[in-house]
Structures are given as C-alpha cells and as structure tokens.
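Next come two complexes built around chain A: one with chain B, the other with chain C.
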Partner chain A sequence: MSPGHMLYRGREGMWMWVVHRVTGVAIFFFLLIHVLDTSLVRVSPEAYNEIIASYKTPLYGLIEAGLVAAISLHAFNGLRIIAVDRSAWALRHQRMLVWIVWGIFALLMAGFLPRHLMHVFGGA
Partner chain B sequence: MTVTEDAPVGEIATLNVTIRIKRMNPEGTPARAPGESYWEEFHVEAHATDRVLDALHTIKWQEDGSLTFRRSCAHGVCGSDAMRINAKNRLACKALLKDLNPSRPITVEPIAGLPVVKDLVVDMEPFFASYREIMPFLVTTGHAPTRERLQSPEDRAKFDDTTKCILCAACTTACPVFWTDGQYFGPQAIVGAHRFIFDSRDEGQWDRLEILNDKAGVWKCRTAFNCTEACPRGIEVTKAISEVKRALTTGEF
Partner chain C sequence: MMNAPAVVPPRFIRSGRTRPNAEKWSWMFMRISGVFLLVLIFTHLFINLLTGDGVNQIDFAFVAGKWASPLWQVWDLVMLVLALVHGGNGMRLLVNDYAHHRWLRSLLLGALATSVAVIILLGALVIFTFDPCPVGADPALLPGFCFDL
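Here is the complex of A and B:
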C-alpha cells in the first residue's frame, strides 16, 4: 500500500478548473512559438519559409486540431466562469453549464474536424 | 401490516466493512519510522445504521488504541471530525457507512493542505489564523445602544447562509487552490467574513473587504466548487465568495 493522497473526487467544477488550466498553458506556449516563428521573418526569410512549410505536415495538422480544441474549450469555459461570477442562476446551475460547454465544443469540433483532417491528410 | 424482513423485528442488520486508514505516528512504531505515513486496513463489524465515526470508535476501542482522530459532539455540530473519506471531504459523524458502498474498502485520510500531527489529526492553526485575520466579530462605532441592535428580516436573510459555518475546514481543505498555495485565505475565512460584511449592523465591512482584496484573498478563487460540495452544513460557499467579489467591484452589499 502506497502513501500519498488519493486523488480528490471533485465534480464537474473541479475538472473544468483543470481543463481551463491545461488549455490555458497550452495556448500560452502556442502563442509563444507563434510570436517566435513570425519574428523569424526579420532574421532570415529562408528559415521562416522552411518553418512555415513544416507546419503543413500531418503532425502539425494534428497539433493544429488540438489547438482549435484547446481554444474553443478555453473560450466557452471562460464564458461559463464569467457567468458563474455574475449571476446567481448560473452559479447554481454551473454543472449543467459545464455540459453545455462540452456540447458546444462537440458541435464545433464535429463541424471543423472532418474538413480539417481532409485538408491535412487528403491535401484537399 | 406484515413484517417480512430477514432480520428479526427490532434487530438492526449488521454490515462487514473494511476501513483503510492513512496513518502517521510522529514518534514511530516498532515497524515504522517516525513521521512515515502508510495505509492500514481494519475489518469492522458495524450496524447498518452506523457512521464512519462509529467504525473509527470500534477500531480505537477494540483493535488499536493508538488510532488518533478528533471528535467531540458526534452529531455534526462541533466541526471536529472533517476527514477525506472515499476521496471526498466529509464529517465522519455524518457519513453513513451504507452510503459509501461498503462492499469496497472505505478510505479515510486526514484533510489535505494542513500539516498532519498524527493519523487523522491535522494542525488547524493556519486555518484558524486566516479566520482570525478577517475579524470575525461585530465592529461598530459610537456608543453601545441600551437595547438590542434591530435588523429587518430581509437584512438578516442576506447572511443567513454563512451563519451556519462550524469551522470544520472541510471546504478550505477541499480547495485545489489552497492545496498548492497555503497563503490563500481559503473558502472558510471568506464565509466568515461574508457573515459580517453583509450584516447591516456591522461597520467593519471595508476593513474586511480590504483584507480579502489582497492577492491571497477572494481573487484566488477559481470556482472549482469543491468547497460548496464538501460543506457538511450545505452552505453555498462559492456563492458567498462571489458575493464578496461583487461587493468589491460594485461597492454594493
């Protein structure tokens, strides 16, 4: 038997806090890379072109899909947090709002993913 | 009316449960180094109506007298026995064994974020220090009136919820922000402040709000709602925190 705490059994609110944190950090690193690669054009246009070309590979295509997922989750959960902070109704129904956030997320991804993946893998 | 129960009339059904307890003895035991924490399992025969606290009593009184935990009232009033039971903070005296899926081992750990003193006992001092800091007492100016300070039922209702707090620390030690940042006042201190900030008879609101406007104050709340779900008194803790945030941004009480 190992010591150490058992993972706390929080509910939707706690898991959305984790999701918000993780997606937030992921978006931060994306932006950091994005700023760096864009500023590369001033240093060396050839290197810039090379990097941008690598973004068209399937691997980056998948990372891009992850980025869109992270941003949409972070955005809609952000709206949920604002709502929870401003209205007593939203506060009391925060768990339902969590599932609405996931619903909107699923809808957006259902629209985006097929087209995007066709683009990445099919070269359409 | 016919009685078709298995157990004879008047007899309470029994239940065999396994309790897994996270233990720590600061002085060490023959088998364990001082301060080492480890899990230990106990098998208890309990009544179907028993609570986790009863099972802990059985263990302490019949199996291992060194098992250490706090309790006083045993009826959910004093706030002594908050523990992490099956990975959630609850009062041992309000958690019925039969509600905890007794066919599997029931885990009991000390609440997190406060230093463990022994077994299930934690040092509550940092928690009480935060509570003291928000000045949990009536602050007034001028002469004391000769009669009681009157208040309308509507004004009284504004802070009714936060008067129910028993300082058990179940909320504060369920908060993921508090686990990683011990400086954070924590939900309980904010509940304690709310009780006076929204009291029309009190005049110390802005002193308390200023304390909670600190970087270790209400703005640390990430609305994870663990506190609200952990509160054994059913206080809407996150709502109280939100109301304090709103008071800070709008100046309205």
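Here is the complex of A and C:
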C-alpha cells in the first residue's frame, strides 16, 4: 500500500496506541509464564531454584530489563490515557503528555538499569 | 428554528448483546485496576529486583520468607487476579479487533478464558497451600525460620 492510500496518519497519540498494545501483549505472555515458574515452589525447593537460576543468566537479565521497560511504558501511558479521558486540559496537551511519559520512562530506566545490570553481569 | 429530534433508546442492540453495559464496565475496570496494578507491580519489582542482591537473591528461601507474611500473600493474590483479568480483558479487545473469522474468534476467546481461569486458580492455590518447610527437603535451601523452635 502506497503512503498515498493511508488516510489516517496519526502522530504521537497513534504511536503510543501501538506501544500500549505491543507492551500489553508482551506483559500478558510473561505473566502466564511467571505464574507457572513461581508454581514450582509447590513442587520442591530444588525445582524452583533451578528454574529461577535461569532468570539470573545474562540473556534473561536483558529480557527482564525489557520487561521492566515494557511495564513502565504501559503503566505511565495508561495514566496518560486516563488523564486525557478525564480532563480537558490533558486532552489539549495530550501530545506534550506523550513526551512526559517518555521522560518518566527514561528516568525510571536510568534508576533501574545500572543496578539491575550490575546484579546480572557484575555478580554483585 | 428546528428542534433536535428526541433520542429514542434502541429497542434492541444490533450485535445481539444481552448486557448493554458490559463494555462500559470493562472500560471502567481497565482504568481502576490499572492504577492499582501500577502501585502493586512497581512495589513488587522494587522489592524483588532492587533491594538486597536484586534478582540474585531470589530463591526458594526468599519466596518462603515473603509468603510467611499475610501481607505479601494478599498482595500477590490481588496482583495475580487484577493482572490476569486486566491482561485477559486487554487480549479480548485485541482478539475482537484482529480475529475476523467467527470460528477463529471463538477459538481464541475460549483459549484465553481457559488460560486466565487456570492460571488464576493455580496461582491462588500455590500462594495458600505453600509449605515453606517441606519435610525431607535439603535444609540448606530452606528459610532460617524452619529451624527456630
């Protein structure tokens, strides 16, 4: 489809709608797996410790960082959606609010990533 | 000047839906549960990934230590139920948007409802039937309070 056929070309709001859906699906599937792995505490301490050891490997450490990123974006974009629904001021400034969401996201990741990556890669 | 025509409520809903307010309640649930989940999940992530040794501290004894307190049992139960219903309802909206064949939609919605119900039940059972000091387990893997008599 050529760009000429695309009647609707949303800007920040449309892309945040995409971000909200993609992060939501990713979080949902992680949640299913996360309840299953936690359920191994009911099997035996060894079974649980073995599965949770894989969460401490570099690959899973990076996936966890991605998960925390997805949760942060989904959570604060969710607050933006509520604000835009409820307040005329937020509706007028919804595009600025998108950048505030990304700003909060950047701050949270700046606080989380160094410490988490040190735990995963530094053995600290 | 013409008067606006009076709005007559529809006598039936074209989709055949029998609960006309269901989507309104779904909409309200997503917003209210979303705010609760923000607090529940960020606290969960902070305690498990940023305090102590972060992800490296998580093992059987760590989970047993948390669930020894009714606060964390209830916390995790509320988080489990709200997160799965919120996520399941979000997935339902996506299935309705993208699954264009009736049979595919029924199949996906059925699989979704089953998974959500099974995972909620499993998680709740695990939280409330959990034994922090299983008999015959390696003592090195158990929380310290198993040996306080």
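Some notes on this structure:
Following the convention adopted for this analysis, the second predicted complex is superposed on the first by the 112 of 124 C-alpha atoms of A that agree within 3 Å, B and C clash if a C-alpha of one lies under 4 Å from a C-alpha of the other, contacts with A are read in each partner's own complex, and residues count from 1 in each chain.
Here is the rule we use: a residue touches a chain if its C-beta (ideal position, glycine included) is under 8 Å from a C-beta of that chain, and two chains touch if they have at least 3 such contacts.
Values in this document were obtained by computation on a predicted structure and should not be read as measured data.
Judged by the touch definition given at the top, the superposed model places A:Gln94 against chain B, while chain C stays out of reach. Within the superposed three-chain model, A:Arg11 lies in touch with chain B and out of touch with chain C [touch as defined at top].
Ranking chain B and chain C by residues of chain A touched puts C first.
Residue contacts after overlaying the shared chain place A:Val84 against chain B, while chain C stays out of touching range.
Within chain A, the residues touched by chain B in the first complex and by chain C in the second are 81, 85. Chain A meets chain C in the complex at residues 21, 24-25, 27-28, 31-32, 35-36, 38-39, 41-42, 44-46, 48-49, 52, 55-56, 61, 64, 68, 71, 75, 78-79, 81-82, 85, 112, 115-116, 118-120, 123-124. Put simply, chain B touches chain A in their complex at residues 20, 22, 36-41, 84, 86-88, 107, 109, 112, 174, 176, 222-226, 229, 236, 238-239, 242, 245-246. Partner chain B is touched in their complex by these residues of chain A: 1-3, 5-14, 16-17, 20, 81, 84-86, 88, 91-92, 94-95. By the touch criterion stated above, chain C contacts chain A in their complex at residues 31, 34-35, 37-38, 41-42, 45, 49-50, 53-56, 58-61, 63-64, 80, 83-84, 87-88, 90-91, 94, 115, 119, 122-123, 125-126, 129-130, 134, 137-138, 141-142.
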